[in-house]
Amino acid sequence: MFLGKVIGTVWSTKKDENLVGSKLLIIRQLDLDLKEKQSFVVAVDSVGAGEGEIVLVATGSSARQTNITRNKPVDAVVMAIVDKFDISLKKKLEAETNN
Amino acid sequence: MFLGKVIGTVWSTKKDENLVGSKLLIIRQLDLDLKEKQSFVVAVDSVGAGEGEIVLVATGSSARQTNITRNKPVDAVVMAIVDKFDISLKKKLEAETNN
Amino acid sequence: MFLGKVIGTVWSTKKDENLVGSKLLIIRQLDLDLKEKQSFVVAVDSVGAGEGEIVLVATGSSARQTNITRNKPVDAVVMAIVDKFDISLKKKLEAETNN
Amino acid sequence: MFLGKVIGTVWSTKKDENLVGSKLLIIRQLDLDLKEKQSFVVAVDSVGAGEGEIVLVATGSSARQTNITRNKPVDAVVMAIVDKFDISLKKKLEAETNN
Amino acid sequence: MFLGKVIGTVWSTKKDENLVGSKLLIIRQLDLDLKEKQSFVVAVDSVGAGEGEIVLVATGSSARQTNITRNKPVDAVVMAIVDKFDISLKKKLEAETNN
């Protein structure tokens, strides 16, 4: 999964009939410092994520393994909202090698 | 899914027999400002998208989950035409950090 | 699918038994101006493509959806030979924004 | 599979119901000299990997082929802890071509 | 499939139970001139490839379509050893456009 932030929504009237009712979120990828990268995807929401929240996105066929996305033509799903992101080891290493 | 714009069509006579009748669109990837990026794919149309329209493209096995693409050797499908693309949060953030 | 040009062939004696008889083509990726990019893949031929021809390549599990590749360990297949590639819209836009 | 190092953990309360109990690790990709690259993924642990350990990560649908991840919306799994990583050939070649 | 060279081996004791007995090879990607690129993967061997040999690697779900990898959490397999790699067309084109 990749780490992302919900930054917007996509509206579509003319779409695959199986997608009616699915919420399409715009997710910007985050780096390890939680800064936004340039890349983004449009993903179906399966956990009620809101704008500004930090989430995990599963892609490919794995994106179809939720009750909301099963058998639908979607290749990205928000399947978790992140509470805490602990990279203490990273910070420890950086402190040791800092110069 | 990624955001793209329909910029053309591919014609092919000699192709997998299951693809007869499928419309093959050339889709250029868009960034968050809806500017065209260099990358593009050829995708099957499943929603009647026309040249110049902004669309969503699903890739991989998910591209075979529409009535038009099921069990066919295609790895990209246009499965939605975009009506509105709301990234107000992004703009808000940029305004705050603008210098 | 991506757009490519057949530029060569790979021969292999020691290979998965299901691949006996499959023709392995070297396909170089093309940009929108049909110029060759650096990236290339080795793909199974399912449509009788010859050297120099412009083709479409499907990748991933979709590459196994032809009669020639079904259930085989291949992740790229040539599934169409391109007759015509129409990006008139792109050219129109470029003419308008040319400076 | 790609080579990575476990550098942290992600906590999530609001997530797909099938993910309850799965441990989510932050894995940074390594190069051939075992130096950390910029890219990282969040992967489910299936082998009891701890922080600082060097592991292999399988992605895509292959990430769902363990007892812990089957049928779940996850696209990356830690499926092996690396004991030894032997690239003696690489070193030999570099010694020969060194100038 | 991509073209690669076997440059080493990975040993792992603690791994998914289905991987016991599978040989894990380190494969470095090659360009069209058979020069090694920076990128590499760890792939299961299904054809008895040895160090220094030039091989083809299939990735994703296609990597699970050999007798050795079926239903296992692996996303890359060596499924052919390359005997000959013919890109005469490429050389011809380069000769013509050389300046």
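A, B, C, D and E are the chain letters, set down in written order, and residue numbers restart from 1 in every chain.
One rule holds for everything that comes next: contacts are C-beta pairs under 8 Å (C-beta built on N, C-alpha and C of every residue); 3 or more make two chains touch, one makes a residue touch a chain.
Only a predicted model underlies this, so the values are computations on that prediction, with no experimental measurement involved.
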Touching both subunit C and subunit E (chains): none
Interchain contact steps from subunit B to subunit D (minimum; 1 if touching): 2
Length of the line joining the C-alpha centres of subunit B and subunit C, rounded to whole Å: 19
Between subunit A and subunit C, centroid-to-centroid distance (C-alpha), Å: 31
Set of subunit B residues in contact with two or more other chains: 60-61, 63-64
Ring order of chains, beginning at subunit D and proceeding to subunit E: D, E, C, B, A
Subunit C residues touching subunit B - in the complex, by the definition given at the top: 1-3, 31-32, 46-48, 56, 58-66, 69, 77, 79-90
Partner subunit A, residues of subunit D touching it in the complex: 6-16, 18-19, 24, 26, 28, 38, 40-43, 51-52, 60-61, 63-64, 71-76
